[in-house]
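Alright, structures below, take your time with them.
In the two complexes below, chain A is the common chain; its partner is chain B in one and chain C in the other.
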Partner chain A sequence: MRLTQGCFSFLPDLTDDQIRTQVQYCIDKGWAVNIEFTDDPHPRNTYWEMWDLPMFDISDAAAVMLELDACRKAYGDRHYIRISGFDSSHGWESVRISFLVGRPKEEPGFRVARQEVDGRNIRYTVESYATMKPEGQRYEA
Partner chain B sequence: MNAIDKNVKAAEGERSRYSAGVMEYRKMGYWQPDYEPKDTDVIACFRVTPQDGVDPIEASAAVAGESSTATWTVVWTDRLTACEKYRAKCYRVDPVPNSPNSYFAFIAYDLDLFEPGSIANLSASIIGNVFGFKPLKALRLEDMRLPVAYVKTFQGPATGIVVERERLDKFGRPLLGATVKPKLGLSGRNYGRVVYEALKGGLDFTKDDENINSQPFMHWRERFLYCMEAVKRAEAATGEIKGTYLNVTAATMEDMYERAEFAKQLGSTIVMIDLVIGYTAIQSMAKWARKNDMILHLHRAGHSTYTRQKTHGVSFRVIAKWMRLAGVDHIHAGTVVGKLEGDPNTTRGYYDICREDVNPQNLEHGIFFDQQWASLNKLMPVASGGIHAGQMHQLLDLLGEDVVLQFGGGTIGHPMGIAAGATANRVALEAMIFARNSGRDTLAEGQQILEDAAKSCTPLKQALDTWKDITFNYASTDTPDFVPTATVSA
Partner chain C sequence: MEASDSMMSVSSGNVTETVDLRRELEETRIEEVLDQLDRELVGLAPVKARIRQIAALLLVDRVRRRMGLAAETPTLHMSFTGNPGTGKTTVAQRMADILFKLGYVRKGHLVSVTRDDLVGQYIGHTAPKTKEILKKAMGGVLFIDEAYYLYRQENERDYGQEAIEILLQVMENQREDLVVILAGYADRMDQFFRSNPGFRSRIAHHIDFPDYTDGELMHIAATMLEAQNYRFSPAGAEAFAAYIGLRRQQPHFSNARSIRNALDRIRLRHANRLFATKEPVSLDSLMTIEKEDVLASRVFQGGLLIKEA
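So, the complex of A and B:
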């Protein structure tokens, strides 16, 4: 399967030049830029690990690209990596954009667990096949 | 101001205010051209079309009277009350530009006239008896200024745009939806198939239509059960949160609560209601939605019966304001380019009412008053009806990012099937957002951006080929009437 979270997952994987344009867009808007990674891509997993702190006062996307390279060296191919832009202005104070910039080579996807209960009722749970393994070993060959 | 008031007579010789009998409304205190509205007053702007021969000031004063304390004759029991406070005051009447014999009447209402937090009470006054008043040919409520003191008595949207996005984990682009078609006749099992294909293909939401409730061909529980199977399967197939607006509209509140509870139990993120259930039922469902972590979608079924004609009824901008107070999370607010009524400027006004914290007066967009929303949650507008992937650049330019774009026919009518239709829309959207963020002029280069994206996406190419010439170019009936302000030369 292909995880389609984030703003651009239906486009071909972004090149570094393309990522740079979107990061610069965030910077120009005055948003903080955050790099995060995880090996638990469940859509309700809100808190991915932060690659250092969000970058608040940068003017050039190059700084983000350097950090992204370092994150990829440590976790690339074994984790999902996303970049988000955070807007602290009043009335929003949340993420404005979020897109994937790295994904594991193999994506085993998710299963739907159905617990059949009273009558026709079903309680659904979506589980990532990867998270059936311990943290850190989920996307190894 | 008030240049049309040529009817002022000397006060001497007139009878006293409280002697029995009939008296002109303007003489009973409902016309006060010197009145300065207070910050806490509710203000309404009406378009008044008097019967032939009826003085516009008297007609407007009558609107103030009939929407507040007056009846057709003098009553002595007024004197048992602080009647001057409770009288609505028409303080200004302007001729409508380019529209003979109709007038904008501005009327101020004291806050004490209204029950806190009740749209039913507000509307019973403002659009109650007065709309049938014989001396008027027609009457339209154009806009309202709701004071912060009153706004703060309402819950507002149960979830709001920001928290909805956080819950769905979707940022930076409009959300995508589709209404299941055909709107009537599918069985639950077949209906769920459409939902599954559309969500798996790339949409965020599917939607019941306004008149899908519980009919012989598909009872509501069947629909809910099959739809949630489809939603959960699509979530697993994509790793994204998905939703389907399960329409809980029913004959009674008890039925609606029962349906909403079942939707929650099955794990739905969103339920839906129709405008025709009424203001009180809408507020009840908004409370339920907040209590149960549910997004609440409102389909504006029925609104065109009273919003569309300029001369009579209630403008949709007023309905949008009431619905933001009442507490729904989604509201259909027009597409501009699609098949349903929607002048670009007027529609822009509706979107601003839904999404901004402050609406400055903007006559070009039909906004008559400054409106402070005082941090009330934002309401997500929904664009639905006759739109397709080939219009993506126009839609993004006109409607912005915080909107649900609903492509019903434009998804389900795709030649390669529903999932392909969904993928076409999602790819078109992502390509347009990416191009915009990269600094390209998407409005000018839109066609090229779509064609480039279609090179690596066959479903998009097919969608563009199928619908490339489809437009709905008809004159709008509901457009703002205003005189453009002359620019002050330097």
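So, the complex of A and C:
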């Protein structure tokens, strides 16, 4: 199951050129660009690991691509990687853009778990098959 | 040469299109920057000639690429060597502008660093530091002043080596993303390149900055004064010409920088002299630097040796 998340989730995966263009847009807007990765694909997982530091004093997307390549070398094909742009200006102070730039080769998808409670009531939850395994081993081939 | 080559191979490929290089030149507005360079920088003829050559190469490359001829991104890393105060930093700044106008770098900013900005103080500190600077310089020009300090021969465990390795790697792999300019005094740079052959081979342009002649220094002094709304009286100019001749023979002479410092001290004496007069001062005397302002310098009394001792 192909996971989609954030901006451009309705599009096919961005090519490197497209990523570069988006990153340049963020930089030109004065947003700090961050690279994050995780191997827990749950949509409610907000705790992604950060790759390096937020990049707020760069002027060209090549710098981000350099770090993205390094991140892919370390975690590519085994983790999800996303890029986000944080707007620190007064009134915003929040993430303005976030999109996936890397995903594991195999994505096993989610399982629906039903829990019977209080008579005939059922609570639903989803759980990624990947997270059955411990962290760091979830997408090993 | 390049231009006629490119036209020949195009016409042999059954394309009768020709390119007006003049018009191309006007479009990039590069001529403005080069003229400005000529106007504002005194002397430095070999440097200017080299910059014109590089500009021509880039322009022709641009045209070639547009006409579909294979054009590999040329290596533009440079080394500027020359004595102190010969204008290396100033030219580096212009270089960033020129490369930007030619579309060779995307942003055209100059990041000027020295060893301290690149090399860390403990193990594992250097790589992130160097990378941080490189990332900041992406899309522009990275200017490393006194680059030979990166390499300390006497200490083989010096972290400078690590910075050099990262630099070399980026210089090679991301040629289209940034241009690195190394600068420093000629003899020490030579030694630096000898101990780091990787650098020498990755740098295409070695530009040597000659010392200024006395006439050029006088011209520089006049330009500097003019920018601050001062001028020499005829006798003052004569005295300053004599000053340049004497100052050159004394230790720690650093070309235009010495001139700037001398002018600062002369302005100090000029202000003091006006302050000491009882009569009201005219606009003219506020602007004019007289002979006695210059002659009071210690350079005329045997020079810096005495002053610094």
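Of note:
Definition applied: the second predicted complex is superposed on the first by the 139 of 141 C-alpha atoms of A that agree within 3 Å, B and C clash if a C-alpha of one lies under 4 Å from a C-alpha of the other, contacts with A are read in each partner's own complex, and residues count from 1 in each chain.
Everything below uses one rule, namely that contacts are C-beta pairs under 8 Å (C-beta built on N, C-alpha and C of every residue); 3 or more make two chains touch, one makes a residue touch a chain.
On a predicted model such as this, the values are computed, not experimentally measured, just so you know.
Three-chain overlay on chain A, with chain B and chain C fitting side by side and no clash.
For the combined model, the angle formed at the CA centre of chain A by lines to the CA centres of chain B and chain C equals 100 degrees after rounding to the nearest 10.
In the superposition on chain A, A:E67 contacts chain C only, with no contact to chain B. When the two complexes are overlaid on their common chain A, residue A:I58 makes contact with chain C while staying clear of chain B. The wider contact with chain A, measured as residues touched, comes from B rather than the other of chain B and chain C. Contact with chain B, but none with chain C, is seen for A:T4 once the two complexes are overlaid on the shared chain. No C-alpha atom of chain B lies closer than 16 Å to any C-alpha atom of chain C in the overlay. The intersection of chain A residues touching chain B with those touching chain C, taken from the two complexes, is empty. Residues 162, 165-166, 169, 171-173, 202, 221, 225, 228-229, 232-233, 235-241, 265-267, 357, 375, 378, 423, 426-427, 430-431, 433-434, 437-439, 453, 456-457 of chain B are the ones touching chain A in the complex.
Remark: chain C residues 106-107, 109, 128, 131, 134-136, 138-140, 170, 174, 177-178 touch chain A in the complex.
Those residues of chain A whose C-beta lies close enough to touch chain C in the complex are 52, 55, 57-63, 66-67.
The residues of chain A lying in touch with chain B in their complex are 1, 3-5, 7-12, 18, 21-22, 25, 41-44, 46, 84-85, 90-99, 109-112, 120-124, 126, 128.
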